[in-house]
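Chain lettering (A, B and C) follows the sequence in which the chains are written, and residue indices restart at 1 in each chain.
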Amino acid sequence: MIISTIASHSSLQILLGAKDEGFRTRLYVKPERRAFYASTRLTDELVVTEDMSAILKDDGIVIPHGSFVAYLGLERIEKAKARFFGNKRFLKWETTFELQDKALDEAGIPRVRVIEPDEVEPEKLYFVRIEGPRGGSGHFIAKGSELEERLAGLSEPPRIEEFIPGVYLYVHFFHSPILGRLELLGVDERVVIADGNARWPVKPLPYTIAGNVGVALRESLLPRLYDYGLAFVGSYEKARTARNHRPLRSPLCLRR
Amino acid sequence: MIISTIASHSSLQILLGAKDEGFRTRLYVKPERRAFYASTRLTDELVVTEDMSAILKDDGIVIPHGSFVAYLGLERIEKAKARFFGNKRFLKWETTFELQDKALDEAGIPRVRVIEPDEVEPEKLYFVRIEGPRGGSGHFIAKGSELEERLAGLSEPPRIEEFIPGVYLYVHFFHSPILGRLELLGVDERVVIADGNARWPVKPLPYTIAGNVGVALRESLLPRLYDYGLAFVGSYEKARTARNHRPLRSPLCLRR
Amino acid sequence: MIISTIASHSSLQILLGAKDEGFRTRLYVKPERRAFYASTRLTDELVVTEDMSAILKDDGIVIPHGSFVAYLGLERIEKAKARFFGNKRFLKWETTFELQDKALDEAGIPRVRVIEPDEVEPEKLYFVRIEGPRGGSGHFIAKGSELEERLAGLSEPPRIEEFIPGVYLYVHFFHSPILGRLELLGVDERVVIADGNARWPVKPLPYTIAGNVGVALRESLLPRLYDYGLAFVGSYEKARTARNHRPLRSPLCLRR
């Protein structure tokens, strides 16, 4: 049996876990990534190709992640003959702010408030985000009074959020229907270019992601974030039972 | 034999270490923490209760930590019949700034200077801390000229310290009287809400702790911090011998 | 067989790796470092001495690192009879900005631009660095208009660089001529005193290094940084073959 996926940040975790559990692995990579992956112990087989759709006919167990939608489109994934691990229909929930908000709201997990243009106050700060898997590039903070000008230059639809200052953490879970258990696997903080201002504020910098750092969460936050995970899985299970879909058997990450 | 403690940040380390060494573990938790702890491999027995004083009659080896005092009070701990690991009298040194300062002074370890109200200079910065295990919430930085107003609103006695900018590290040790050895276990940096200003300074934010990140300390600092650990243990051993108390056999953390 | 080196940040990694692989280890340390190293499992033999040149007659396998040049000087290292692992002539490339720039340029790896005094613009920011293994102390950011005054007080020759704000990452590699492979081992971010400004900017603080934090690099950056490593090794191999030197068999770190 072989585990197959497409090279991306998630694939690093999928491949490492698969090797640790004794599986063979196959990775679909673009030519410029070949040298790096060939130097690691992560993959048994490298499929070097510009066209990621080759994975749709893979004969292994395909593990999808967020980048599948960007590379292949939802429709081709849902029609694919290859054997996917987990629920392919879950992928679309990653693709739009609207579906993400809906998932959090249905689970009763608090989320950042979305601001309509006519609610903007000149002196308040807002966080503007651009939809899609862009690794944070394009996001920015701006005062209400600057918003109109900043938004005018954008080619993609932005979303205006209230700006909540503080530390942003990314909580990873794994839900196992076999063990009947949700596990909190870890917590990350992102390293973004704008962190360059930590040493001395120079000018607003891009929020483009450079990496992640593991955080040992404060104990009193663990039960609270774990309960959010339970609420999310509970809400999902209710919805998927109603639609006769498969149970959630996969890692998941709750994040801002 | 079973290792027993109360859920808190320290308990995560106590339980993980106990399981790694093959002990059975028992944890006293409030009901809202049950779901999280039940999902981990940290505990063999969960005692779910609102009243932590049940641990005072525990039949295992009780490992105390800073939260014991907050939950149970010093007097009940010192009178408890349960078998405590380590020196119960050591706990009170965690509870007040005065005793913490005294311990550092007796060991000759440099510490931040405490400022008396009549020493405050208007243009200088000060760090104000509130006593007790509050996870950093309530602490703030202020200019001397703002201090009077900021202090007026406080319900608990604050402490004014000189503000020393820089990176604050937390050094963990373990002292073993059996091996006759002090070990430096690791170094942490805290993640606090105010770190949200790293990307762009917005306004002063709370110093409430969100988590910790492990740091690989610069080598030249290791011997210096290790010597502080030795000085602390030496000073403690001198004091406890004079009072005929037990030796220090426990982890300890030196921190600002 | 015994692995010998001089205490320094690199030695922590050398010793830990050597012990993990089952080697005996010998460390040359100054008296003030003895207590710390004696408490660890890193060393089988400690040579406590003020004079590090004793290592030049060591009968083990000596693993050199950047601090060797500061302690012993290049000439004595190159003439030493002891058996060094790797290419002793490689050490001098660590000692001057000029050679570092040359190495990067020959490999075609982009680097920060060095600014000549007559190119300085008053409103731009510059990063001034002082040569040698100083752990970042003495480096500073300044506006062009402040540069003349700031540089006047320096006793050592500075280097003026364009200031590039953002996150600075340190990428570790190992090149094995036996396996014919370059491995990307990990990525670090430095913790410097100036990071104290993350919570609230107070005043420019020193860039003195306090430690490192491991970073899980964003996947899209991995192939790019790996290719820089390949380019560096390729350029080195070309140069050393022309001079009939030994192949590069050692860890290396590319950093700003």
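Observations
Here, a contact is a pair of C-beta atoms (placed from the backbone, for glycine too) under 8 Å apart; a residue touches a chain by one contact, two chains touch by 3 or more.
Heads up on the chains, UniProt names are A, B, C = Putative carboligase of the ATP-grasp superfamily.
Source: prediction; values computed, not measured.
Two copies of one sequence, subunit A and subunit C, touch each other mainly through non-matching residues, since under half of the numbers at the interface are common to both. Seen as a C-alpha superposition, subunit B sits on subunit C after a turn of 120°, to the nearest 5. Rounded to a whole number, the gap between the C-alpha centres of subunit A and subunit C is 35 angstrom. Contact of a single residue of subunit B with at least two other chains is seen at positions 192, 195, 197-198, 201, 205, 213-214. Subunit C meets subunit B in the complex at residues 7-9, 11-12, 32-33, 35-37, 39-40, 135, 188, 191-193, 195-203, 205, 209-214. Considering their complex, residues 125, 141, 163, 165-169, 181-184, 187, 189, 192, 194-195, 197-198, 201, 204-205, 207, 213-223, 226-227, 230 of subunit A touch subunit B.
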